[in-house]
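Residue numbering begins at 1 within each chain, and the chains themselves are lettered A, B, C and D in the order written.
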Amino acid sequence: MPFPSAPPPPPPLRVTVWCEGRAERLDPEVAKRYPRGMGGAVAEAVEQHLGERVLVRTAELDEPDHGLTEEALAATDVLTWWGNLAHREVSDAVVGRVHRGVLAGMGLVVLHSGHLSKIFRRLMGTSCTLRWRNAAERELVWTVDPTHPVAAGVPHPLVIEEQETYGEFFDIPEPEELVFVSSFDGGEVFRSGCAFRRGKGRIFYFSPGDQEYPVYHHPHVRRVIANAVAWAAPATDREQPRLTHVESGWFEHTGGAA
Amino acid sequence: MPFPSAPPPPPPLRVTVWCEGRAERLDPEVAKRYPRGMGGAVAEAVEQHLGERVLVRTAELDEPDHGLTEEALAATDVLTWWGNLAHREVSDAVVGRVHRGVLAGMGLVVLHSGHLSKIFRRLMGTSCTLRWRNAAERELVWTVDPTHPVAAGVPHPLVIEEQETYGEFFDIPEPEELVFVSSFDGGEVFRSGCAFRRGKGRIFYFSPGDQEYPVYHHPHVRRVIANAVAWAAPATDREQPRLTHVESGWFEHTGGAA
Amino acid sequence: MPFPSAPPPPPPLRVTVWCEGRAERLDPEVAKRYPRGMGGAVAEAVEQHLGERVLVRTAELDEPDHGLTEEALAATDVLTWWGNLAHREVSDAVVGRVHRGVLAGMGLVVLHSGHLSKIFRRLMGTSCTLRWRNAAERELVWTVDPTHPVAAGVPHPLVIEEQETYGEFFDIPEPEELVFVSSFDGGEVFRSGCAFRRGKGRIFYFSPGDQEYPVYHHPHVRRVIANAVAWAAPATDREQPRLTHVESGWFEHTGGAA
Amino acid sequence: MPFPSAPPPPPPLRVTVWCEGRAERLDPEVAKRYPRGMGGAVAEAVEQHLGERVLVRTAELDEPDHGLTEEALAATDVLTWWGNLAHREVSDAVVGRVHRGVLAGMGLVVLHSGHLSKIFRRLMGTSCTLRWRNAAERELVWTVDPTHPVAAGVPHPLVIEEQETYGEFFDIPEPEELVFVSSFDGGEVFRSGCAFRRGKGRIFYFSPGDQEYPVYHHPHVRRVIANAVAWAAPATDREQPRLTHVESGWFEHTGGAA
């Protein structure tokens, strides 16, 4: 099918920003640091950089179905995920729903302690554990794949004055694309920007973002999040993978599958 | 730690060959084709090529705990898996046990319809679906990574006169190493030899092996299975991945972690 | 730098279609099959699908500097390459110029027997040899990465009724992304759609396209070529990689590198 | 071909340690630091850990043919390479000879400033440039692939008290396997342990090793070098890749290629 000379602008990307919402309620410091909640800060990042190209809604753990009903997910092109204290409270039914959505093409951007979320561990198949300490160390995020779309407009290095320290070995499968590697004052390194593909879905993991620091107000961190959301947009129509029986020469008459 | 000039031979690799065991009981043709069961044929493949380097035991679905108790798995270096009709009957408790074993370092060789096993899907995070038909077509297994240990001594192509046809899109994550790609009479192609790493464990998926054909009596198929078992041997001591808190400079006095 | 709400359309992608131009002159059958030359057919493919988004020029071996002067390459965003009989006649000076261009960010799409071109072998570091025969066999191009931009709108499989047969082992480094795998009537398989990154440049190799057959008139082949050209577009400003001395903390005041 | 029960020990691995040999002659400090030359230190590392499993010879730039005649290379299973000041003086004829050797199966271990050697750049196809400064900073080498053979017995992190600082972006193709990532006092990170495959040859790049510091006397650095040499051993008989014409069904009678 030919592209027209001037293709009409695509419909806005529908983004759901999911955030646990507990830290803001339990810790007044966090509430002060993030008046709109951490989810609100992430939503701002996306809207600030992608403007009319996106439609953003937020959802939280304590909503019915965690704000992730079948309808909500069917109407979500990219889901962002930040969780920390309550991974266990995310229902298996919702995790299964999100998993199916990603395999069918929904994008997923996982942030910080979301590495221990049920959904990220399910997509990775590994423990996703790591070494850590919370000591307000400076993090330098270095780009090791400078032409990757998620690195566009990101300084090399991206400097975060105070952050939680993560260290290797980060028990993930080898990323399809390794985009960022961070160092911390204590000398640890960490693969902080990792791209994966699962089924038809694109997944980006970006590690900075502890609730103790104003990381999601950082302009360059916000740029990365927006880049990752745009990059994770579905490439094709939503389609569940299926075990499919075919006859010999099935494609001869149908012209093959899309 | 230095290697001695002539290192003592390592202890035998302890291999558990797991096979569903149902097809042989339900279908007299399969029983005749595989008098020792399909598991028996796979065990023969391993013993025939690795001899005194291995200690092989077999286990089946209908044994208590499917023959995969904590003790059995702790004493297993490499597990092979063939299942077809009864993936659902494998208990979640056993699947969890096997999963933890692989992340800690146990090797896993998954065969044929094992792509739909709970354990393989859990390690992959994807649906592992594909296109298929059972029409006794010839399969040519071509090597695309000729120096890979699993390809050692395997002809290019490996010819299987009659086999079940598998076709892309095979919904797996990108293999860490793609070793074999097959073609079938009807023209389909399939990534038939795929290596993965999850945690400390090595996983090899090899697709030939439908119960309708004597595939596991094929000498070259047996060579691949034996190569894969040897390749999947644990590289380090068994060790569960852990979320680990560390202080700044933790490695200064301990000399780092192993 | 924030994206405006409605970003202005980017300037057209400047594409240079390089074709050896000898086969058309030596063989009247080829000239009849490709009245505008093979380069003309490739240029049509790009223009047909990308329309006003591209500015296409063609260049041939027998032009001064093979049509690839410093100025021409500085004004080229993506270069396509088809050569067959005369790889040796491409001057080392021009090859060096193209190589530097790719490392600085120019995209490169290499077609068919271009696998033996000096420029492709220089970027790969390997021999790029393969098995082959020219027997008008049917080629089925299967997609193994369905969400890859180069696979957009391409049928699965893409059927080419008559083509030159290529077979593994194709001596290339492991592609960064494997997009297509082909099968041929005789049973051979071949990794026919391979994406690479070298420096800041993106490279796509697509194997169909022997001059004995009207492959570049095939609508789906044309779609792949156009997709590959769009995908290979430079992501950043042209920039030569450099060995760079830096002082400790060099990034503190400069805000890091772009 | 079956493995015997107790396979006879393989013949020793023939290792050629190539070192430029200029720094030791030009700088008395380097000569004092490395009384046997840097090549001598690397040779010690290999012999110390691999003992009777290896036969090691050294070669230098200023020998005839740089000590790398056709006969010498035909009798070399793994070549190590350290160069710094005189990459340009390595003759193109010798570089071509080494290149062909690697593609045919000879292993190559490239150390430190060898990243700018003609042979490494030829195998990579990129500029292999990086950021650097020589400020006696501490380097921490972290393992990101803990079951990789080159990481066996290596502490996490490996601590080098004084080293030359290397920083990203390191202009190499994506390594087939990323094994080590280093951090330096100034905060830079660098992909310091990278495995590649080119043709039938295995290549390992390991960055520590500036002549200003006694890095090659460091026991853990020596362990890595020995591991890399063992890992890079040829997997098959030496064989040049070739463009090969085949008839349809060529494999039916020959039993395929080895």
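By definition in this document, contacts are C-beta pairs under 8 Å (C-beta built on N, C-alpha and C of every residue); 3 or more make two chains touch, one makes a residue touch a chain.
Computed from a prediction, not measured in an experiment: that's the story for all the values here.
Asker: Would you mind naming the chains that touch chain A and likewise touch chain C?
Answerer: For chain A paired with chain C, the chains in contact with each are B, D, in label order.
Asker: For chain B and chain C, what is the smallest step count along a path of chains that touch one another?
Answerer: 1
Asker: Between chain B and chain D, two touching copies, which fits better, same or different residues at the interface, with half of the numbers shared as the threshold?
Answerer: The interface is built from the same residue numbers on each side, given that over half of them are used by both copies.
Asker: What rotation angle takes the CA atoms of chain C onto those of chain D? Round to the nearest 5 degrees.
Answerer: Resulting rotation angle: about 180 degrees.
Asker: Taking mean CA positions as centres, which chain lies farthest from chain B?
Answerer: Centre of mass proxy via C-alpha means gives C as farthest from chain B.
Asker: Hey, which pair has more contacts between C-betas, A-B or A-D?
Answerer: A-B
Asker: Using mean C-alpha positions as chain centres, tell me how far chain A is from chain B in Å, no decimals.
Answerer: The computed centroid separation for chain A versus chain B comes out at 32 Å.
Asker: Just give me the whole-number Å value for how far the CA centre of chain A lies from that of chain D.
Answerer: Taking the average C-alpha coordinate of chain A and of chain D, the gap between them is 38 Å.
Asker: Counting only residues that touch at least 2 other chains, which ones in chain A make the list?
Answerer: Only 140, 145-146, 156-157, 167, 169, 174, 187, 197 qualify.
Asker: Name the graph shape formed by the protein chains and their touching pairs; answer line, ring, star, complete or other.
Answerer: complete
Asker: What residues of chain C sit close enough to touch chain B in their complex?
Answerer: Against chain B, the touching part of chain C is residues 138, 140, 142-146, 156-157, 167-170, 174, 178, 181-183, 187-189, 191.
Asker: Spell out the part of chain D that touches chain C in their complex, as residue ranges.
Answerer: Spelled out, the residues of chain D in touch with chain C are 103, 116, 122-127, 129-133, 135, 137, 165, 167, 169, 171, 173-174, 176, 185-187, 196-199, 240-249.
Asker: Show me the residue ranges of chain D that touch chain B in the complex, using the header's touch definition.
Answerer: 1-6, 9, 48-53, 105, 140, 145-149, 152-153, 155-159, 197, 200, 202, 226, 234-236, 251-252, 255-258
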